[in-house]
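In the part that follows, the structures are each spelled out as C-alpha cells.
There are two complexes below, and they share chain A, which is joined by chain B in the first and by chain C in the second.
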Partner chain A sequence: MSSRCLADCLLVAAAALALGGCQREARHDSSKPIGGTIPAGESPDTIYPGNGAPPALDPRAARYDNNSPALAEGQFLYTRMNCVGCHAHGGGGMGPALMDDKWRYGGRIDQIAATIAEGRPNGMPAWRGRLTDDQIWKLAAYVRTLSGQPSKDAVSSRGDEMSGTTPATLTPREKPRSADTAGR
Partner chain B sequence: MAVTGETLRRVSTAVLILSAALSGAALVSCNKQPATQPNDLAKISPGPHALPPAAASPADNGNWEMPGKDYASTRFSALNQITPANVARLGLAFTFSTATTHGYEAPPLVVDGTMYLITPFPNNLYALDLTKPGAPQKWVFKPEPAAASQGVACCGTVNRGAVYSNGRIIFNTLDGQTIAVDAKSGRQLWRTQLGNIQKGETLTMAPLVANGKVIVGNSGGEMGVRGWLAALDEGSGKLAWKAYGTGPDKDVLIGSRFKPFYPMDQGKDLGVKTWPPEIWKLGGGNMWGWVSYDPATRTIYYGTGNPGPWNADQRPGDNKWTTGVFARDINSGEALWFYQTTPHDIYDHDDINETILADIPWGNGRRPVLLRPGRNGFFYVMDRRTGQVLSATSYGHMNGYLGVDLKTGRIAVNPDKVPKPGRVGRNICPAAPGQKDWNPSAFSPLTGLVYIPHINLCMDMAVSPANYIAGTPFVGADVKMYGGPGGYRGAVTAWDPIARRAAWEVHEDLPIWSPALATGGGLVFYGTLDGWFKALDARTGKLVWRFKAGSGIIGQPISYRGPDGRQYIAVVAGVGGWAGGIVDSELDPRDPTAALGFANAVKDLPGKTTPGGMLYVFALPR
Partner chain C sequence: MRRAGTAIVAVLSGACTYQHYQSALGDAGSDDRLFLILFAIFLAVCAIMYVAVLVFLIGGILRRRRAGDANVVESGRHHRSDPMMRTGLIVWGAVVSVGLFALAIASFFTDRSMASAAAHEKLSVTVTGNQWWWDIQYNSADPSKTLRTANELHVPVGVPTRIILRSNDVIHSFWLPSLAGKEDLIPGRETDITIVPKKVGIYRGQCAEFCGVQHAHMAFVVNVDSYADFIIWWNRQLQPAAPPHTPLAQAGYDYVAQHQCSMCHNISGTPAGGTVGPDLSHFASRRTIGAGTLPMSEDNLDAWMANPQAVKPGTKMPTIAMSADQRRAVVGYLETLK
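Then we have the complex of A and B:
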C-alpha cells in the first residue's frame, strides 16, 4: 500500500469516525487525560447514603469502554496474566463466572478496574503495581465483553480459545445486577 | 513396546492358573488372617482372593479413626448388623448442619462415642456427643484460615479429612496449616504453617498419622507449586523431614537405599535432568491425595500429582518425580523405590489416588502388593517391596493410552490424541479427572473385590503457552469435557484384582465424586452428585437401598458402632469440588471451559441439586 493510499484510507476512516461520532477505533496516547463523565444510571442493590445517587463514573472509562484496541489488548492480557486460569473464558472456575449477570463488587468498568487493582478478600489478587493503570483499564474493558456489555461493533469476532465458546460479537448482553450502574 | 490386549489376556490367564493351582496354600494363609473380630467375619470366604495385611488392617474396634479406616486404606467396616436382607429398613437416626455450602469431601470420624466433622473452608472442627440423644455438639474449634486461600484452591475449597491419633485430632487448613487439637476438650495443641498461599500453595489432603509422624502433602499442581510430602512430629508439630516431588536427589530424599525397579526410573538427579532448565522448580508433583502405611516394614506408599503446566510442550522430558508412586521409610523419609505410572503426563493424570495394601495368592504363599485404581485408567497391581508392576489393566473406556509394557514399566501414549500447539486433541478418554479422581475405592476382604467409584468422561484439549506468575494459575490449556461412550458418566466397578476383570458394574448418569464404603454385612455404600445415597449388594451390585439427601454427595461414607452397640452409617452431603463447582460456585456452563472443562460435562447438575452441608446418620430401627 502506497503512503498516499494509506493517507487517503486514514482520511476516509477518520471521516467515517467523525460522522458516526464513534470512538471505537480511537487510539489514545496515555499522556492526555480525557475530561467529562458518563452519566451513571440506577443501581438496584447498593446503598448510597445521603441522596441515593451513585458516584459519577470515572472519566477514564470513556477511553476504554467500547474501544476496540483497548478491548483487544485486554483480551490478550486476560490470557497472559492468567485471569483465564481462574475465570476461564467467562464461565469461572477457581474464581467466579464473569459472563453472567452477577457482579459481587460491581460491573461498571471503573468498579471492575478497582477490583483488579485492589484485589478482593476471597482470593482475587491485587494487581496494582504489577500491571500499569492502562493495562488494568484495558482488562476491565475486556472483562465486560464476557457478559456482552460493550457494543458489538467494538468487540472481537474471535476468541483466543479453542472453538466452542460463543464469539463476543454474538454474546448476549446480560442485564447486570448488583452495582452496575452504567446502564448502557 | 506396548503390551497388546492379547498379551495382557495371556498374562491374565497365567495368573489365574497360578492362583488356582495355589489356592490350597492361600487357604491356609487366609484362615490364619486375624484381620477382624471373629464374629464380624463369620461369613468370610476362604477363597483365593486378595486380603489386607493384618498389621495394616487390625481387628475392627467399631471406631472410624482415619479416612481410609486403616493403614491399608481398605475403607472396610467389619460391622455386619446391616445386611442386604434388612437394609430396606435403614432409616435416619440424626442429622447435623455443617454451616457450609461448599464441596464436602471429608468423612466423619468416630472415636469412642464422639463424632468429629471437619468442614471445607473455613475448616471448622465439630465434636458431637454420640452418647446423648440427637448427638448434640460438644465443642467446635475454628482455625480461621486466611480467606484469600479460597482464591488459589484449584478445585473447590475442599478438605479431605481429619485423623485421630493418641487423643488428638489432626487436620490441615486450606491456607497451609497443620493443626492438632485435643480430642476431648477441643483445645489447640500445636499448629504448624507449611504452605504459602502467596505461591498458590494450599493443603486439602487428609494427613496420615503413623509411628509418631504426621504425613502431610501440598496442593497446587495448577499453580506452578513444587510438590512435597512432609513429616511432622506428632507430639510437637515440628518438621521431621520433607521430600520434594521434583528437583535434585537430596531434595527428593533419594539416597543409597533408593532401588527403583525399572531402568526408566534409575539415575542421578532425574528430578532435574528430565526437565528443561529450572522448570522443575515450578513442576508440580504435589501430594494432595492418599497415603498408606505398612507397619510391618515402616514404609509409606503414596503417589505424586501432575506436572505443571498442563501444556506438556513447555516441559519436554519425563518430568520426574511427578505422576508416579513412591515408597518411603516413614522415619527418615528416604525413598525406597519409585515407579512413574505416567511419564511426561499430558492429561493432568495425577497419581494421587488411594493405595490399598493387600496380600494376594502367589507362589506357595502370598505376595505383598499395592492395589491402585489409577487416574490414567489402569488398575495397577504392584509388588510393594520392589515397585514391580504385576499387572496394569484398563477398568473403563480408554483411548488416550495403548497399554503398559510390563517389561519396561512404561505406559504407551496414543500419539493420535496428543494436543499440540495449533492442534486440538479431540475425544481423549479418560478426560483430565481420569477414569477416577481422588474419591477412594473400598476393598472388602469378604469378597476380595475393590469397589471403584469412578467416572466416564472424555475431553477435547487445546494447549497454549502458560505464563508463570506466582500465586496465579499455571495451566496453559483449555479443556472441554463431556460424557464418554455408553450413555453414562459415572460407574461403580467391583474389580477383581487377581482375575483382572469386573465382577459387576453399576452405571450412574452423573459422574461419581463420592468415595465408597464396604461393610461386613455385605454392602457397598456411595453417593451421587444429585444427592442419592445408595447401598449395593457387595456380591451382585444390586441396588438394595437409597436415600435422597438435600445436596449432592461427594463425602466419604463411614460405618461405626454406636455407644448403644448398634451399627450406624454416616455421610455428609454437600455438592462441590471440581465436579460440583458448577453448583456451589455458580459457574456458567455456556463457557465449555469453565472449571477447567468440567462444567461442560455436568451442565444439567444445577437443575438437579443445590449447595448444602449436612451430616446424615442412619441406623436400623431398634
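Then we have the complex of A and C:
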C-alpha cells in the first residue's frame, strides 16, 4: 500500500462526501392550500412576557426557511405587494428597516409570518385573507434574507431588480435581538 | 372502425380550420409575404448551386485519369492545365459571386421594406412579458382611450401596428409566426416590431425564448379584425366591467372584491385594482385561460380556480382555499365579464 494509493483513496472519499453535499432542498408545489398555519391573534410578545420560554418553532417553518424556490417567490411578492413602499429594499423608510438586527416582534420565520398576517401597531397592515398563508410564509422567508439569516447556499446571488444592489450572498448576517435591548 | 374514421375526419377538418392558426410559412402579414419571397429566392439559388456541385462531384468521381496523368504530382509537371477546365472554373467562380451578390441584394430590399412599414405606424401597443403571460396595453394620445388587457391581441387588418416590447422578469420572445418574425423582450430595455396584418383571422402567438417551467404555456391569441370591428372591440373594452345582476354573480363579486383575487387582478369599475396579474375587466370575452393553457369554458375556469398549480404548475396564481359554493359564485361572476 503506497502513500500514492492512500492519497487516491482519500481523494475518492472526499469526492463522495462533496457529492453528497450537493443535494438541494425540494421545490414544494403549493397545489394544496395550507390552512391554519398562522395562529390567529397570537404574537410572540403576548405569549411569553417576562422570563417565559419562547414557543417552539412552527414545524412548517422547515418548508420555507432556507428553501430557495420559496425565497424567490417571496422576493417577487415583496416587490409586487409593495412592501418596498414602506420598508424599501430592507433599509426602511415609513416602516422600520428589515436589514438590521432589531426585531420588535421577533425575527423567527413564524414570528415574521404572524407579523405579516396580523399586522402591527403604527401602520403595518394585516395581510390575512389578502394573501394566502403560503404566500405569507414565502414573504417571511424572504424578509429574513434582508438581514442575512438564511444559509448562503439557499439565497440567490443576484437580486431580481436591475439595479446593482448587493447580492444576498454578501449580506452580512445580523444577530437578531429585540428592539428594546438594541440600544445596549 | 367507423368511429376511428369519424375521428380521423374530425382531426382533418380541425386541421383545415386551423390551417393558418400558427404557421411559420403563413402569409397573413406583410413581413411574412416578404419573407416568403426571400425564402423562395434563397431556396431556388441554393438548390441550383447544390445540384451543380453534385453534378461536378459525380463527374469528378466518374472521370477517368488519362494515361500519363498518374505521375503528374510526383514529376512536378502540374502547371500544365486543361484550358476547358480553366474556363469552367472561372465561370464557376463568377456564378458563385453573382449568386451571393443577388442574395445579398434580395435580403437588403426585404430589410428596407420592413423598415418602411415601421416608419408608417398607425397604432401603438405595448406588450410586457411576465412569467408566464402577456400584459397588453393599447397606447393612445388620449388617456381615456388607453386600454389594458392580457393574452389576447386585437389588431386591425392592413394597419401598420407598432408593438413595443418590455419584460418584467426574464428574457422572453414575441413570436407571431403567421404574421411576422420573432423579437426578444429584454428586461430593462425596450424593443419593438411592426406588423401589418393582411388577412382577417385568428392566429396563435407563442413565447419563443425559454423563460422558465411554464414557457410552453405562454401563448397568446391574435385577432385580426376589419378596422370597424376593431374600433367596436376597443370601445367595448374601454367600458368598465359589467356590474353583477344575479345573486350568484353578486356573491362572486363580493368574494373577488374582498379576498386574495383583488390583490393581483384589476377589474375596472370595482375595488379590485391589482396590477400583478392579468386584467380581468373583460375576461370572459377572451378565448383562453392562463395564457393559452386552457380554452375558455365554464368547466375549465372552475378547474383553473380549484387548483391553478395543478393546471399550470409554477404559475404565480396561488391555490386559494375556497369552498365549492364560493368557487361556483366566483366562476359565475367571471363568466359575466364579457
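FYI, the second predicted complex is superposed on the first by the 129 of 184 C-alpha atoms of A that agree within 3 Å, B and C clash if a C-alpha of one lies under 4 Å from a C-alpha of the other, contacts with A are read in each partner's own complex, and residues count from 1 in each chain.
Note that a residue touches a chain if its C-beta (ideal position, glycine included) is under 8 Å from a C-beta of that chain, and two chains touch if they have at least 3 such contacts.
Given the structure is predicted, the values throughout are model-derived calculations rather than measurements.
Undergrad: Spot which of chain B and chain C makes contact with more residues of chain A, would you?
TA: Result: the larger residue contact count on chain A belongs to B.
Undergrad: Could you say whether A:124 touches chain B, chain C, both of them, or neither, answering first, second, both or neither?
TA: Only chain B is touched by A:124; chain C is not.
Undergrad: A:134 in the overlay: touching chain B, chain C, both, or neither? Say first, second, both or neither.
TA: Second partner only.
Undergrad: Would you sort A:88 into first (chain B), second (chain C), both or neither based on which partner it touches?
TA: first
Undergrad: Taking the superposition as given, does A:76 touch the first partner, chain B, the second, chain C, both, or neither?
TA: It touches chain C, and chain B stays clear.
Undergrad: Touching A:96 in the superposition: chain B (first), chain C (second), both, neither?
TA: first
Undergrad: So chain A touches chain B in one structure and chain C in the other; where do those two contact lists coincide?
TA: The overlap between the chain B and chain C interfaces on chain A comprises residues 80-81, 130, 160, 162.
Undergrad: If we count contacts the way the header does, which residues on chain B are in touch with chain A in the complex?
TA: Chain B reaches chain A through residues 147-154, 222, 424, 460, 462, 464, 466-467, 469, 471-475, 478, 480, 581, 585-596, 599.
Undergrad: For chain A, which residues are in contact with chain B within the complex?
TA: 79-82, 84-86, 88-97, 99-100, 102, 121-125, 130, 160-166
Undergrad: Help me check something: in the complex, which residues belonging to chain C touch chain A?
TA: It is residues 169, 187-188, 258-260, 263-264, 276, 307, 309-310, 313-314, 316, 318-321 of chain C that touch chain A.
Undergrad: For chain A, which residues count as touching chain C in their complex?
TA: Residues 29-33, 35, 73, 76, 80-81, 129-132, 134-135, 160, 162.
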